[in-house]
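So, here come the structures, one by one.
Okay, so chain A shows up in both of these, paired with chain B first and chain C after.
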Partner chain A sequence: MAVQSVESSTTSAASSNSAASGAFGPAVALSCRECGERFELGPIFACEVCFGPLEVAYELPAGDPEGLRRRIEAGPNSIWRYAPLLPVPADVADLPSLNPGLTKLVKADNLARELGVTGELHIKDDSGNPTHSFKDRVVAIAVQAARTFGFTTLSCSSTGNLAGAVGAAAARAGFRSCVFIPHDLEAGKVVMAAVYGGELVGIEGTYDDVNRFCSELIGDPVGEGWGFVNVNLRPYYGEGSKTLAYEICEQLGWRLPDQIVIPIASGSQLTKIDKGLKELIAIGLVEDKPYKIFGAQAEGCSPVSTAFKAGHDVVRPQKPQTIAKSLAIGNPADGPYVLDIARRTGGAVEDVNDEQIVDAIKLLARTEGIFAETAGGVTVGVTRKLIEDGLLDPSLTTVVLNTGDGLKTLDAVAPTTGPSAIIRPTLDSFREAGLA
Partner chain B sequence: MSVNVRIPTILRTYTGGQAEVPAEGATLAEVLADLEKNHQGIAARVLDDTGKLRRFVNVYVNDDDVRFADGLATATPDGAGISIIPAVAGGC
Partner chain C sequence: MAVQSVESSTTSAASSNSAASGAFGPAVALSCRECGERFELGPIFACEVCFGPLEVAYELPAGDPEGLRRRIEAGPNSIWRYAPLLPVPADVADLPSLNPGLTKLVKADNLARELGVTGELHIKDDSGNPTHSFKDRVVAIAVQAARTFGFTTLSCSSTGNLAGAVGAAAARAGFRSCVFIPHDLEAGKVVMAAVYGGELVGIEGTYDDVNRFCSELIGDPVGEGWGFVNVNLRPYYGEGSKTLAYEICEQLGWRLPDQIVIPIASGSQLTKIDKGLKELIAIGLVEDKPYKIFGAQAEGCSPVSTAFKAGHDVVRPQKPQTIAKSLAIGNPADGPYVLDIARRTGGAVEDVNDEQIVDAIKLLARTEGIFAETAGGVTVGVTRKLIEDGLLDPSLTTVVLNTGDGLKTLDAVAPTTGPSAIIRPTLDSFREAGLA
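On to the complex of A and B.
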């Protein structure tokens, strides 16, 4: 097995030993998604042959799907119930963690009526995670890898949600944290990232500038001993998104949905949900049947949607300009794979503008009592558009992801949301306002 | 034109472990050719078989992503800092 030059021999040996000792559970190697080259499990993220992204390869449990299903159902009420399918040790639930996951799958009948959906429509509401976004899932896996590799500082480049998730997870697990964000994020996200006591650094630039900075920091002696959850721990981190696929299927009674609408920032989440669904089919935990994956972007940052509609295989980077800041990644690392998956499954990638995003946030709130962050407005808005365009079949079972809490992006809806009236404390005043 | 090229960790086997190396060239293509002359094998890691930048490599001339400029034909002014960075980092 090739081992990248970035690793010292000590790290390589530690990685090897860790794998052998079960620190990574069923994971056996890192594999280049582009050229297939394999590497030992270690804190590396790019293929030394072709720069392609590395992902975790497994020897998954085989032969007894019923037994595995019972084991999962009897497991902890968190993502750790899926430990047999993740790069974590079997006793991971005993280690300090925010224990994210098992968020609500809400059957959205009111929204379905509004959108003309005659089949089942569900919202996977990941705002219910400990720091109110799906990021707790991915960070939990990255923290476990950081622990195994002996890192002492947790870091990341973030559009806001991840910074909060890393800060909180580091606090719980006893790591130092130092996270980097664009300096002009929503105030709520900045406070939520800073409150956990780690270092929070605003960078003058876009998310892509922050990401570039972190990529350079990791190659510098200053970054030695640092686990960047979405850089050198990215292969492990990404696996956390598989748990969304597992949960959705388990919550549907071990059924695959027919259609899933997923937001796209880097595209990692979408690719890992697809990976999770394929694993469940391969293991025999769900019936093998077709499903369609749809990607959702904001028009002001729609490099993947643009490429999809143009029939391109490559994604041309864009300069983001949208209220959906958690999705404002102009140079999405997994964009080409999102295109492959949308086309392979018969799905599509679509985008909505800022006004449509706000409308969709309000629609979801009004119909289901779920206050989504802007990324949720993007998925609901895109769902509506896909139905109108005849690309999403309203008679089938559809799951739409809400990946974060609307309290984090109050700025997006505040200008058009407020009291119906301000009145004097009298019945006459109430009647005069036309509210009686 | 003399420029400085920041080398990502996974390519430092080609530069004897150096994180930054000097190179000559008026365009990115010329700079990469000069790098190859002094650090044999490095160009094939950055460029694909057709001579284009690999899709998972980002190259910046000073602060500008060359994909927003002229790609391999992007001018490299004297004293410019060039960064080669794996593209797979970041995001959700």
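On to the complex of A and C.
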């Protein structure tokens, strides 16, 4: 169902009606990131011509950046303030959702001192989202698409953050949900995924087995009416990460940062933040100036940083072995695009080991009072390393992403985090402990 | 150091200088809630005349409610937008803090349907605060007072939420912290309390022993320069809860709710929300009309609801035995004030048992995608019970507080929350499970 222009050839009544009624806002088509072929907006994710990944193409508002800026600033305290730049209807804020986004951009002066940063250092702290990870952003956009396509069940495969985000968003928006996880997940993660009352299905097998099963399900009549947020809704889902770019720039006073450090799992988030920054420049919401994008991985799952350092264009898959489980994708779909962006912008891709991740989690907690999940330890740790290696300029404005919450990865810091002392309830005992 | 008026008799250079330079904003004195005696603003918490608890007295801005409303609305996205109504300096938003508050007020239409509410039902979801409980609000005010009084160490006794809130706030604001906990706390809670890098001291004894030890410490030279947020900084600390009242009214479009359901631990939060509502009326920021305040307790620690139902003015202490550990204060300091407020406003105090708490946590999660800690299960459960008993009018506008995060009390729901099915990774196995 490739189409020459957006107006022509409608093969799906649902999607054409939706497009007509503005269900996708400024989005006009899906376009292949490899061959550029365009397709009508629909629940598809791979190019019919070259099998490349599809992404949302827009006709963005032009000509009145000041008016758009005022409209955004007067909008809701959530990602929906950026509705004019997202594949969602204009009235999206009136529809039931978790209203994620507009999380804090924390000016991290204490951390800057520790890292020898003399410019501005900010943490974009996405642990403030409703289910405490950036996944709420991407799922919120997928939910809107699911609604438009008439899906009644929301689904995904997950080992953690995504399961909770989908369960919670489905509950609030009135969808059935059915989430697939490996059957041997830690008890705490199972509770987080199950508490929202949707179906939670444990699969006897590895996470790869879960993914393979989901691909089968999506092609089977049983999966009819199912929206898999990160499969057949993936083009819409991915766009949610653009809002991180929008918020960072707005919170900096409509200013591009000089440098951003972003964690890499599939690499999608990094590519969409780059897309968002380019959009803001194109629309005229920020001044056009260079910025550098840095990718951060765990050493135990570092296919992209390995390729970057070796000067390769191809990302060779790895078997993950790291405490940063939310980043443990050994064969990242957007790896090659990440390499392109890091090289084009003059950034880099770097990795840190588990010990450095734990140290960085604690460093961020003790300097800024932010308890990050392991992915936040990866970005802070990589930032430190990039400064030491002279790749990140400490005199410029830098934003480091924390995409999740330390409460979800307590095990990472537990072995090295405990009381300073155990004492009897007496002043003498306290004095003896040397803490007075 | 009782004083007749704020201007006279300054015995503490620190506090009089601070008051002069506006360190406490519109606050003018501490006043005894029992005998009304007034004292200079200082690190004191009990009346020297009658030993009653002290609270902050203000000269609030008057005469221009519209101007004040605009000033608030143009302020930061945190409790600091209400600086003109709090005991903090006007430039407080420029000082390092976690900037808590302005959490979501969620219109809970799905939950309303389940509960038979035909009016507006809202959840004030304070799990969105930086360390995911309302404690960030109260600690933020205490930190400002500690700074003014020249304290260098922030401290508290805690079994959970408060420890993390103090550790995080101290880290960000540049204080040393030293938090006291019972030595046998669950490992997860110890990690949350310790990760911010302050001193964490386990006390061999019960929570009561910890409290007794802290009282000793505060009177000893060893405790010099120490601000215990919930002891010698308590009058300031408590004021942080007023911001819940301000936010609820602003988020309702500068309108009082008809009914509010608030959890009771010490009872302080409920009394301060009432204080905040009365202030908004007095200033003219909201219309003067009646509202009802309802208190919510767990059956296993229900000294206030027991007294309310028995028609008593005195609250008889209980030994707590409930999963709602953040509310498990058997001898609540503000219990009598809570009884007064519930009776004066035409509200009530009710309790629910552990099973009802768990059911309510799950109900809120599956209807609105909000995963509350046990205290949120208490308020939602009590709301349901109050409606069934005809004490809460389902046709009016009601706000229910969720003061904490389900991630911190996973154990409460874990035994009854798990996968719908465990299957092999095949379509046949999925079909057999009956979930298609």
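The rule we apply is simple: the second predicted complex is superposed on the first by the 409 of 436 C-alpha atoms of A that agree within 3 Å, B and C clash if a C-alpha of one lies under 4 Å from a C-alpha of the other, contacts with A are read in each partner's own complex, and residues count from 1 in each chain.
Convention: contacts are C-beta pairs under 8 Å (C-beta built on N, C-alpha and C of every residue); 3 or more make two chains touch, one makes a residue touch a chain.
These numbers come from a predicted model, not from an experiment.
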The answer to whether chain B or chain C touches more of chain A is C
Requested in this report: Name the contact category of A:L200: first (chain B only), second (chain C only), both, or neither.
Outcome: second
| request: Report for A:K124: first if it touches chain B alone, second if chain C alone, otherwise both or neither. | output: neither
Next on the checklist: I'd like to know which partner A:E216 touches here: chain B for first, chain C for second, both or neither.
Outcome noted: both
First, second, both or neither for A:S266, with chain B first and chain C second:
first
First (chain B), second (chain C), both or neither touched by A:C178: second
Of the two partner chains, chain B (first) and chain C (second), which one does A:K385 touch, if any: first, second, both, or neither?
neither
| request: Considering only touches as defined above, state whether A:I329 meets chain B (first), chain C (second), both or neither. | output: first
Exercise for the section: Identify the partner contact of A:R147: answer first if only chain B is touched, second if only chain C is, both if each is, neither if none is. Expected result: neither
- Just chain B (first), just chain C (second), both, or neither: which does A:R81 touch? neither
Footprint intersection on chain A (chain B / chain C) at 209, 212, 216, 220
Touching chain B in the complex, chain A uses residues 4-6, 34, 44-54, 134-135, 138, 157, 159, 161-162, 207-209, 211-212, 214-216, 218-220, 228, 230-231, 234, 241, 265-269, 314, 316-317, 319, 326, 329, 331-334, 336, 403
Contacts from chain B onto chain A in the complex sit at residues 6-10, 12-13, 19, 45-46, 54-58, 60, 63, 65, 67-68, 83, 85-92
Interface with chain A, chain C side, in the complex: residues 77, 96, 98-99, 102, 104, 109-110, 128, 130-132, 164, 167-172, 174, 178, 181, 183, 187-188, 190-192, 194-205, 209-210, 212-213, 216-217, 220, 222, 361-362, 365-371, 405-408, 410, 413-414, 417-427, 430-431, 433, 435-436
